[in-house]
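Both complexes shown next keep chain A, but they swap its partner, so chain B is in the first and chain C is in the second.
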Partner chain A sequence: MIYERRASPLHAARAAVASAWCVVLAGVSLSFEHPLVLLALLAAVIAAAAGARVADRVLLALAFTLPFAVVISLINPIVMREGLTVIARFGTVPVLGELDVTAEATAYGGVLALRALVVIGCFALHSAAVDPDDLLRAFRRVSFRSALTAALATRMVPVLARDARRLHDAQRCLAGAPAPRRAVVRAVAAGALDRAVDVAATLEVRGYGAARRAPRGGGRPWSRHDLAFAASAVGLSLIGAAAYAGDWEAFEAYPTFSAPVDARLLGLSAVLALCALLPFADRRGVGR
Partner chain B sequence: MSAALLLDRVSYRYPGAATPALRDVDLRVAPGEFVVLAGGSGSGKSTLLRAASGLVPHFHGGEFTGRLESGGLDTRTHEPAQIAAVAGTLFQDPETQVVMGTVRAELAFPLENRGLGAAAVARGVEEAALALGIAPLLDRSTHALSGGELQRVALGAALAGRPRVALLDEPTSQLDPVAGDELLGVLRRLNEEWGTAVILAEHRLERCLSAADRVVALHDGAIVCDADPCGFLDWASVHAPELQTPGARLFSLAGRRPLPVSVKDARRTLAADDAGRLDLAMRGQGAREPSGRRRRRRARVEPALAFSSLWLEQKGGATVLRGVDLAVAAGERIALMGRNGAGKSTLLRVAAGLVDPTRGKVQRRGRVALLLQNPGDYTLRDRVGEELPAGALAAAGLEQLADRHPRDLSGGERQRLALAIVLHGERPAVVCLDEPTRGMDRRHKDALTALLNGLADDGTAVIVATHDAEFAAAFAARTVLLGDGRPVADAPTADVLAGGWYFATQTARILGGAALLPEDGAALLRREVVVA
Partner chain C sequence: MRRAALLIVLALAAGGCGLGAGESQEGAATLTVTRDFGTREVGTGSADPIPGGETVMRMLQRDFDVETRYGGGFVQQINGIAGGREDGRPVDWFYYVNGILAEDGAAAHKLAAGDDVWWDHHDWGASADVRAVVGAYPEPFLSGIGGKRLPVRLDCADAAADACDEVAERLAEAGVKAGRSAAAGFGGEGVLRIKVGVWADVRRDPAVRRLEEGPRASGVYARPSAAGDELALLDAEGQPVRTLAAGAGLVAATKLSGEAPTWIVTGTDAVGLAAAAAQLEEDALQDNFAIAVEDGRPVALPVEPPPEAP
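Moving on to the complex of A and B:
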């Protein structure tokens, strides 16, 4: 997934803040287990993607994740021995031993799958809406060598992808059967060193590393979107921490599955989604 | 003030190389000078630029002797990243020269690397973008740019820090004539207004000679000529005819002097010599075909390749081809010309079946072989001998290279190998080539022209997408000019290339379209003298 600047509040926020907001959103989903809260967070992620005008990309990433989510939901009841409501008995299975599938483990498998979807959705949103160059710049101040490696690696990915596409096209131009895919992959890999040398030479002649300490981004004033997403991230963190500490969701997976829905839980879900989405309401100054 | 570039008895040998790439080079470039490096492939132009940027020897290793100062910094004691502050460098391949995700970040990158503050970086980005005419691209993703756009962005990044010296290795090789002229205009302005010394390696000298203060010619790594453009042309007419510009070749063959640096010089000389007679005579001549070509009548036989009402509309993107109707007869030689993004490469890809049109029909009377822009893409193995059977290698005259690695071949050899690979197997009805002369010197171009003429003489239709008007004039009998995804001109090459401003040969511009090639133009000039 390639970053592309679009006219949205999330794109308009500075990369460090936008990145932190995405990470906090993913982190909050890891601190909740109630399906209703997770569904609210998933809806918030999709709505945020729409607000950032990258819904197509995030939905595509979620569609690719769906099979993995199904696998997670199927594996959990096989490996978990918890739960009182047995819904299927498979007897003794090699390696696994006595295999009884319980309703609780099956339901919790669904919860884990839902959580995985929220986390993947957050990182897809991160990839599509957070400027990697800005982020790299921020990292460069922390670790020069890591940023150099990251710069080289991030540039090499599209270069090698283009090489592979070109080689594949060239093979299609030949009479007879084209070379097998592994031959193309081998040729791209063999050329990767040459390409890396070219890219590294470019980094050199652009002066990378001349100023050992990169300048601080200093001077760039905080925009309304920087402030809004920073406030949202802080709000999400506080709500998440409070709900976790106060056990507001009252969720139990084992021994019996309990996910009560009451006004407090509905309120928590609504507040979390609202807190995540409020920064998208202000669309002033989202272009460049 | 110290020299912008100073080489004092510089010699250099790449690691493992048998012969040196630079030999005892002495060169001094003054601040604000515009120097063009001339020479055939492998003459040492690129190595000299890499040495000036400090990559030789710091990055490439090898044996380096002598002293080189770039922007006043000794390359023996300063690393390339430090030299980057005073010397902006641009290489040939734009794809590996863009390292950031957006154009804005790319232009900011060298400024940030110099430790400039945010305000200075922002200002530098804006100024470089305006100077290079890439302000509308600032927020575009670099992954989405065309080759020509990438080249301009890379040039912007090289010049963003307003270096004392700009080191440019064939910056116009990816560009159409319009964009190439624009870029050279920008370089000239930077040179004149900012005082930036420019050192430009270029094969198509006719493009840049008029901007140059000096021309330095290299051969086998040594300087063989260092003179002003007029002096260089005089030297080349005797010692290196393959380096002559078409205008100078026209004058040499016609026995006229002085040899012209620009079209304007040539016209002025002709006007003075012939007091207007020539102009009147030429108007009567009209456009003619290149020598040795017979105009082919569009025979009513089934074409080797035909497009009818061909459209290509990208999903969620631009319309690349708009209702193209085109028929190609067996044995025809066609040049496909047009600006970057006009649809030339896409049309060839549709012809070869790599891309399906969204509407319209493609009729092929046999296989369509396509040689894409990078011949290296056709070689997947470790030995040339493994790419083709011995017989096919011998037929292509490459049998002596069988044990070499394809990456170790020269540009011309690699292209011949790629063409042999493409032609191997079922005999193609049509051969398409996409920008085959990019970065090629005249000797290799002449060899390619002969090879393609041989194919056409055997009945294979040949279509070449090119920006190189001189090559098109030498090779093609018919030229199709694409504009905005459709043919805007489709006529004998003599008609298309004689009347254009940008898509015209230098000879045609000098002679008002009366001839395309120096040989034909010289014959015309000699005839006029005899008549007079």
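Moving on to the complex of A and C:
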């Protein structure tokens, strides 16, 4: 997934703020277990992707994540020994021992899968809507070498992907059976090493190793989008912390699955989604 | 193809596979939760009939607030009482089924009719290996191990005929029919033995003689002297609190790896042996790891340490 500037509030916000907003949204989803809250957060992520005009990319990422989510939901009931309601018995299985699948472990597997979808949706949105160069520039102040390494890595991945595509195209032009995938990977990896040596030599010649931190200040002033997404991130964090401290979601996975839905939980889900989506309402100044 | 599928389905069914929890079992299972070697009760529970697929863990979770570790296989906390360290001593939850320390996880141990499940939270610094206890009497003699009733054999010492008769009578009252062996036979996986005799006689059995090495070897918090004329009563840390001499008795259980438990009804002399035999009853043994008999009265083992001087 490659970043592309689009006319949206999230793209208009500075990279550090947009990145923090995505990370906070993912973090909030990790602090909740109730399926209704997770569904609300998933809906918020998809709506945010639509607001950022990257819905197609985020939905594609979620579609790719679905098999992974299914695997999570299948593994949990196999490895977890919790839950009172046995729905299937597999007798004694080597390594696992006595294997009883319970309804509670199965349901909680679904919760974990849903949570994985939300987290991956957040990071897909991050990849599609946060400018990596801006983000690395922001982090350059914190650690120059780390930022440089990350910048090179993020730039090398698309380069290697293009190499692989070119090799694949060249293969298709040849007669006979296509070369095995392993050969393509080997060729791309060899190319990557060559490039890495070249890049290292160039950086050394240019004296990058002696560079110091970038100077502070001189950046652009905070825009309304910066402020809106920062406020949203703070709001999401506070709601998440308050809900966790106050035990607002009465959710129990074991020994019996209990996920009651009451007005407070509906309100919590709505407030979380609203808090995440409000910054997208202001579309002034989002042009390219 | 159909035949192969049918064979697979039949094989799975024969291996205990199927949908749902399975059929309920006729008969009851009981649950006791205590702490400090059975001295303080936390709660009780029961299942009658036993739900299909019921395990020790599920039975516990139905009646108690349980916190687990390692994917639900290990009990860390029951009703807020957690394993870990208390006053610098290691403590944890252990469970016994019919008086025998389970060798598998609670989540994997299926219940059988008649099972007496006992969870106890105790200090394991002196012995992490208390493999058999007497507190589930008349189990394991009545229901056996894993739903399979085992033969019971009284190994009576030559001079212990009266005590042996008393033990046999008490077992019969509890519904247990025991065979009798005059010789000091060895144990095994398939037989529950009760050794009856004064210590000097029963100590010939290697499983029984381990009591002289202390709780780390035997799991019993009492240490008879090799001569058999003294019985040291130990506290939870394995330290001797007091020593009994003439007229002292002991009812305890121990277990060698790979064998069924061996019970010991013994005394420092004939008087102590008779007193111990007289204590083979549910009221005296209930929820005790083992008992000593002092002046004809049962003393729970391990004993409370003496109060500190002011």
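Just so it is clear, the second predicted complex is superposed on the first by the 262 of 288 C-alpha atoms of A that agree within 3 Å, B and C clash if a C-alpha of one lies under 4 Å from a C-alpha of the other, contacts with A are read in each partner's own complex, and residues count from 1 in each chain.
Assume a contact is a pair of C-beta atoms (placed from the backbone, for glycine too) under 8 Å apart; a residue touches a chain by one contact, two chains touch by 3 or more.
Everything numeric in this text was worked out from a predicted model, so none of it was measured.
Of the two partner chains, chain B is the only one touched by A:L167; chain C is not.
The partner of chain A that touches more of its residues, comparing chain B with chain C, is B.
In the superposed model, A:E204 lies in contact with chain B only, and not with chain C. In the superposed pair of complexes, A:G91 makes contact with chain C only, with no contact to chain B.
Looking at the shared chain after the overlay, A:P132 reaches chain B, while chain C stays out of its contact range. Of the two partner chains placed around the shared chain by superposition, chain C is the only one that A:Y254 touches, whereas chain B remains out of contact.
Using the contact criterion defined above for the overlaid structures, shared-chain residue A:D262 touches neither chain B nor chain C, since it reaches no partner.
Residue contacts after overlaying the shared chain place A:D100 against chain C, while chain B stays out of touching range.
Considering their complex, residues 12, 15-22, 52-53, 55, 57-58, 61-62, 66, 68, 71-73, 104-105, 107-108, 110 of chain C touch chain A.
Residues 79-92, 97-98, 100, 254-255 of chain A are the ones that touch chain C when the two sit in their complex. Residue ranges of chain B in contact with chain A, taken from their complex: 53-55, 58-59, 79-85, 87-89, 91, 93, 95-102, 105, 109-110, 112-119, 121, 138-139, 141, 143-144, 157-158, 161, 349, 352-354, 367, 369-372, 374, 377-380, 407, 421-422, 424-426, 428.
Residues of chain A touching chain B in their complex: 2-5, 131-134, 137, 151, 154-155, 158-159, 162-163, 166-167, 169-176, 179, 183-184, 186-187, 194-195, 198-211, 213-215, 217-220, 288.
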